[in-house]
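Both of the next two complexes hold chain A, though its partner changes from chain B to chain C.
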Partner chain A sequence: MTRPSEDDLVTGDFVRSYVITGGRRLPSPTDLSLHTLVTLAPDRELPRQASPEVRAIWDICGGGYLSVAEVAAHLGLPTAVARLLLTDLAEQGHLLRRAAPPAAQAVDRGTLEEVLHGLHTLFG
Partner chain B sequence: MDSTRFSADRPAATYLPAGVRRAVKIVVVGHFGVGKTTYIGSLSEIEPLRTEERMTAASAPVDDLVGAGAKETTTVALDFGRITLSEELVLYLFGTPGQQRFVQLWEDMTVGALGALLLVDPARLESTFPVIDLVESFGLEYAVAVNSFDPSVRYEESEIREALDLLPDTPVVHCDARDVASSAEALKELVRHLLTRKG
Partner chain C sequence: MTSLLQDPLLWILLVVFGAAVAAVTRARRTNMALRVQKDALQRDLGAEKAERGELRAELTAFEHRHRDELSEVRQEAEEETKSVLKAAMRTLQVLADEQQLIIDRTQKSYGDDPHVVADLMEIDHANSQFNRRAQGIAVLCGGWLGRREHPASVYDVTRSAQGRIRHFDRVEINAQVNVTVVSKAVEPLAVVLAELLANATNYSAPEMPVVVSIQSVPNGVCLIVDDYGVGMSQEEKDRAAALLSPQGPVDLVALGNPPKFGFAVSGVLAARYGFRISVDTPSPYGGVRAVILLPEDLLTAETPAPAAVGGARGAAPDERPAREPRGLAPAVPAAVPTAPTRPVGTTAGGLPKRRRVAAAQAPARTPLPGQDQPEQHDSPAGTSSETTASRLGAFARGTARGRDTTTSEGSEEQ
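Here is the complex of A and B:
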């Protein structure tokens, strides 16, 4: 069954991303992965020169922890662009992040057992 | 899972419980239209979310594209959902398109993934070949979930195994992506397989 919402292909426009990032090189996936959890650090002030996108990130990250992917999706940004802006904020001390998730090879048995147990608890 | 779910008025952010310390990720892969978005929607505790990732059809890295107006560019949708598994652990499910030309997206998607659930339509097995190639080339452990929207399509597990040239210990489970319990069982089967592989 073909569902129109899945794997949609549309023509992209790069100008917006280019302006938001200032044409800088986008971060590699290992810098800040899509499931890294982030939130705004306490008692920080929004930089006065903040772009609309940074302001939006500031607002959404102020309420608690979300993954990088959720921040990107809620703001309508490609994940690479969101990652770059979040990396900037982290480097400026505005952002807290939970310890980076381990590489899959390094995931221990205990974590997998926790995942399985959690699925059993939630879904039977 | 119609397209309005991903329209401009996105759902408000649902924050994680304050105690959640760790996030893990499983990728849900399969060919176009196999039911990845439906599957994620069945299990996610939040309205499934979507980002639009931009890249060249030639699958050059995204960062080579900025300012390069002459290249042909495409946008591919990336759907994902979330399951808070315990007071301190959250699982993300990322739906990843199976096309070879999105290999850059695969690098982003698969970094740190526990494994992959490969959704297969028994009526379109040949469409799964390139997806399996990708899964294996990225070194992901995986389980096969045979998702059939059409109950009249009959298949034997042995046919699927043979057609896809699966290893004997690769799990093959039936799955109705619209059904929560069935979808959860497929995910559990994958995690049990990952545990077995850990030895």
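Here is the complex of A and C:
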């Protein structure tokens, strides 16, 4: 074993996630799912006692819609923790949300053929 | 005359006189003998006394030597015990550190499940307390804590300290200034503050908060820990003051059983890194007020504190490096935009990196690499990729909006 010294690096996140949440219950993922899009509501002031994490959310969400997963990744936090912070902001009215775009639906073959036929007649 | 000679009284007198003379002579002789004997005895006594004195001096010398040797042996034994303990604690510290990394990783992998994350937080909390104990013993044994790679804001140091005690949810932080602590002092300050917070929470009522106030003073920064407990007696204060400014190595045995490490650990670290701790002022709330004075030379301007006005930026880039040591972090400050962004490569974690572009431009969400080709034919060379991204972004948003029939932007304010 190498001789322990002052120069040994301590790794690991410095501020632990349970301190960031304040030991509060984490919200269920149904409300803000991974691909829910969030952005800051216009003309909002950053709360005075905002934690560094909330400030970071303020920065990264200020420019347009980002998914919950992206916000969490940028913060370097577990999604559930980022979700709690986002839920707080949403409850205070600072956040706009959009549901994730629904998956494309299968259109029936007949319609597609009609469209194709129409295009053929127009440009063909 | 004859009659006189024949007087029996005369003879009696003579006999008596003779007897008296004999008696006196014998008494004098005895007296002389006794005197001689007394002198001899007194001489003997003097000699004995001198010998006794010598013996006593010798005994004292022996006792002193014995005591010195005993304390030397004890000190040696303690040194040896300490070096063994230090090595043992080192392995525990390394293991706790490893476990923390594993917890970090697992929390991120299963981050979407609140139950898993909550359980992992409990493990993490226990692990942090475990590590604090190991660090404390290591420090008392002359060991080191290890160094953080980056400076950290005093607010984050306080939160890190908060995470290392059992009742972390009772701690309230009241930061009036936010300055940055040099990297070498980050871990020691967190450990000291954690010990003071542990004392404060353990010796006050379970429902009462413990308040940490961070204040700027002329020659540095003060961290003030106030509790609502019953305070300390003068004896306890004296003991604490002695432990907080140690004059030499700490005597482990004197810490009691079960040992009270807090002040001793704080004192050793304060002496080693040059900050001052006092517990002699009463708290306005009635309990103990512990004050850490962090001198200016342990503060740095390396990562400026976020400005209060219009300074939402800055906080995040400041904090990230200290919190996120594994590759993602260095990318984040650059990737924290105020304006819309678009991906420029990926981070170590495989996530798209975003670069800030002009604010007027819409955010380009997840363009597919394959779709770049046809777009580039009619784009000017210099701006082609950004135009492409913008168009694709517009396309993606358009399709998303088109498919989303139930909502419209702006109506969903929560």
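One rule holds in what follows: the second predicted complex is superposed on the first by the 83 of 124 C-alpha atoms of A that agree within 3 Å, B and C clash if a C-alpha of one lies under 4 Å from a C-alpha of the other, contacts with A are read in each partner's own complex, and residues count from 1 in each chain.
Note that in this section a contact is a pair of C-beta atoms (placed from the backbone, for glycine too) under 8 Å apart; a residue touches a chain by one contact, two chains touch by 3 or more.
Note that the coordinates shown come from a computational prediction; the quantities given were computed from them, not determined experimentally.
A.B. asks: Using the superposition on chain A described above, determine whether A:T79 touches chain B (first), chain C (second), both, or neither.
C.D. replies: Both chain B and chain C are touched by A:T79.
A.B. asks: Which holds for A:P52: it touches chain B only (first), chain C only (second), both, or neither?
C.D. replies: It touches chain C, and chain B stays clear.
A.B. asks: Taking the superposition on A as described, I'd like to know which of chain B and chain C A:E91 touches: first, second, both or neither.
C.D. replies: second
A.B. asks: Quick one: classify A:A41 as touching chain B (first), chain C (second), both or neither.
C.D. replies: The answer is second: A:A41 touches chain C but not chain B.
A.B. asks: Going by the contact rule set out at the top, does A:G64 touch chain B (first), chain C (second), both, or neither?
C.D. replies: both
A.B. asks: Pick out the shared contact residues on chain A: the ones touching chain B in one complex and chain C in the other.
C.D. replies: 1, 4-14, 17-18, 21, 23, 25-26, 29, 34, 60, 63-66, 70, 72-74, 76-80, 82, 98-99, 101-102, 104
A.B. asks: Which part of chain A faces chain C closely enough to touch in the complex?
C.D. replies: For chain A paired with chain C, touching residues are 1, 4-23, 25-29, 34, 41, 46, 50, 52, 55-56, 58-60, 62-66, 70, 72-74, 76-83, 90-91, 93, 95-99, 101-102, 104.
A.B. asks: Considering the complex alone, what residue numbers of chain A touch chain B?
C.D. replies: By the definition above, chain A touches chain B via 1-14, 17-18, 21, 23, 25-26, 29-30, 33-37, 60, 63-67, 69-70, 72-74, 76-80, 82, 98-99, 101-104, 107, 109, 111-124.
A.B. asks: Across the complex, what residues on chain C touch chain A?
C.D. replies: Touching chain A: residues 86-87, 90-91, 97, 100-101, 104, 107-108, 110-114, 117-118, 121-122, 124-125, 128, 143-149, 152-153, 155-156, 159-160, 162-163, 168-169, 184, 186-187, 190, 306, 312-313, 315-316, 318-320, 322-326, 328-329, 332, 335-341, 349, 351, 356, 359, 362-363, 365, 399-400, 403-404, 406-407, 409-410, 412-414 of chain C.
A.B. asks: Provide the residue numbers of chain B that touch chain A in the complex, in ascending order.
C.D. replies: Listed in rising order, the residues of chain B that touch chain A are 1-3, 5-6, 8, 10, 13, 15-16, 18, 20-25, 32-33, 35-38, 43, 46, 49-55, 62-63, 65-69, 73-80, 82-83, 85-86, 89-92, 94-95, 97, 99, 107-109, 111-115, 140, 149-150, 180-181, 184-185, 187-188, 191-192, 194-195, 198.
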